[in-house]
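Two complexes follow with chain A in common, the first pairing it with chain B and the second with chain C.
The block that comes next holds the complex of A and B.
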């Protein structure tokens, strides 16, 4: 099965010359998530979505227990696990969560200092980036006007599948002004919203969290919207 | 996307959409619902009172939203049995606004004739006010 998966990725890579991943999804492991991971896979396959994989970013936790390798093999997708934590400057995605990081901060704390999240993630070899920064209250930029710019942020989610008109536009404008790199994620909580936004990694092979973290630090990626158009 | 108007199990596939609907959430309709359900609170039936509670305007009761979703399922598949409907209220739906309900088939069990659905209600500003899922049993 592993050989099949590798073959699939090879052809995807040759055909599209890039990896496309949805970096922000939630499953039933999140308190407000209603998507089963296998149903995400079935949906991607049935709808022939141009996705090579997705990252499960469960709220205020890291799901160390779930093993989705059988689904990776069956559906030819890369399925990775990360976290969405809550800080005093809004929500932040953390990729590459490990024991060091779990020991360094309380993922259940809904007012983590953002500097702590950024610093501890870097020390642990993980990568932290604010998500939906253009959103009121839970977005990074909502706090910038009153509290100033946070040192250490260099990447934000500029396209989020749950954004209303104006939020992503603000994210893109502010990211450009501040020189931040941008990625995309659907922020799906139900199956049918996976892949609304994603991230392209040109000329890169991402097969696990280690290579994803390296790619995020490398900075060679871009956000893409794949929201269905009205009438499709 | 394919849209199934009246669903028969054998015609369904993962990815099928339920027809979108925009239920009437004008104040008279919401007030009538609240009175019928004995669920009358100012935040549902009085814009000014709702604003004093911190809402932008009067809000649609959650049980009314869930009822709308259930009725959408039954219009789509008359005679089906809703085994489970699970909703998450992520944001307010305002009375006297336009809201839109959507649904999609996300899994099918051919032996048990059960489908799983995604459900959502989108507020007028584009924000998703309610998400949910349902398990629906079809007749043999």
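The block that comes next holds the complex of A and C.
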């Protein structure tokens, strides 16, 4: 961790023992993303958002090529890369994508069986969790009524910055009922929406994808909403 | 002369085998160049476009400015002669909707230039959202000036319902 990063964290996050990460963002690498990664960093800095970092979860792909370490150092943020894939039970975030996982499934396939995503992720040491589960068509819970509960799901994104009214409420209600842990992510596609929702990891230092995956398996985290109030 | 693969893929897809068909369509058609045309860059049309965009920078609105050039979005209104290649298969339902354009500026476009545009099927992919599964067909126009320098790339997405 650089001195610059530690200094920045002092200003944006009062509790130095807690990491706050936006686990769900998209850059211009996604077909519908309009945000450059550096502009996310500039926005976080300018708005003094209480974020220690973010995860780029590009649609139906893993961006193995981009290297954002210079931005991490310049802006004092942790920037990680993951994926958002599409399954027969809705969209799923996959953290810790590696060569084994890329070989095991076709990330561009929009009809991946969710069991395959969960199983292969576990085998590859990655962590998979459905996002915006309360959303119709592309949310996990939209499929539960007709097709039953998916074994192997234990964590879902309960707060999503792109949700319309009712979606997150359903996500929270169902997650509580089923005993799922919940995390948050902004699902930002434009710069100004990063940090709308995020995840707090108390008493943990997350510096890379390995420590994030460990933290997600550990289960000691909570979702937080930082949506601006109207008029802000 | 045909502009791309023919044979069985000229037939409409059905829902039963749409996944396999789309993979085949993608394999056969992505990268196919299918239209060539030219555009004359005139100062009045460049100014009109810039002003319609609300632009006030004289580089884009004043033909007498020493660095007068087309507004970055100018090429997005340059329409190709055809939307799809001849023989392009019917994929998805209906006529589709305009999914917007994305422009990349490589170099200034000057008044009086003649640009040559080539059009290619750049990508075909599916995605699922609140509205269901959609097929995206990306048509790419690349604009070159008389020196054959690439000056602008416009990606135009067309969206069709898959189911």
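One rule holds in what follows: the second predicted complex is superposed on the first by the 218 of 232 C-alpha atoms of A that agree within 3 Å, B and C clash if a C-alpha of one lies under 4 Å from a C-alpha of the other, contacts with A are read in each partner's own complex, and residues count from 1 in each chain.
We adopt the following convention: contacts are C-beta pairs under 8 Å (C-beta built on N, C-alpha and C of every residue); 3 or more make two chains touch, one makes a residue touch a chain.
Please read these numbers as outputs of a predicted model, since none were measured by experiment.
Trainee: Return first, second, both or neither, reflecting whether A:69 touches chain B, chain C, both chains, or no partner chain.
Mentor: So A:69 meets neither chain B nor chain C here.
Trainee: Per the contact definition in the header, classify A:123: touching chain B only (first), chain C only (second), both, or neither.
Mentor: It touches nothing on chain B or chain C.
Trainee: With both structures fitted on chain A, tell me whether chain B or chain C touches more of chain A's residues.
Mentor: B
Trainee: Check whether A:228 is in contact with chain B, with chain C, with both or with neither, and answer first, second, both or neither.
Mentor: After superposing on A, A:228 lies in contact with chain B but is clear of chain C.
Trainee: Classify the contacts of A:86 with the two partner chains as first (chain B alone), second (chain C alone), both, or neither.
Mentor: In the superposition, A:86 contacts chain C only.
Trainee: Regarding the shared-chain residue A:191, is it in contact with chain B (first), chain C (second), both, or neither?
Mentor: Touch status of A:191: first partner only.
Trainee: Is A:39 touching anything from chain B or chain C once the two structures are fitted on A? First, second, both or neither.
Mentor: first
Trainee: Examine A:138 and indicate which partner it touches, taking first as chain B and second as chain C; both and neither are also allowed.
Mentor: In the superposition, A:138 touches chain C alone.
Trainee: I'd like to know which partner A:111 touches here: chain B for first, chain C for second, both or neither.
Mentor: Touch partner of A:111: chain C, not chain B.
Trainee: What part of chain C is in contact with chain A in the complex they form?
Mentor: Per the stated touch rule, the residues are 19, 125-133, 136, 157.
Trainee: Name, in rising order, each residue of chain B that touches chain A in their complex.
Mentor: 1, 13-15, 86, 88, 90, 104, 106-107, 116, 118-120, 125-128, 131-133
Trainee: Looking at the complex, which residues from chain A come into contact with chain B?
Mentor: So the residues of chain A touching chain B come out as 32, 34-36, 39, 42-43, 46-47, 162, 164-165, 189-193, 228, 232.
Trainee: State the interface residues of chain A toward chain C in the complex, per the touch definition above.
Mentor: Going by the criterion above, the answer is residues 31, 59-60, 86, 91, 108, 110-111, 135-138.
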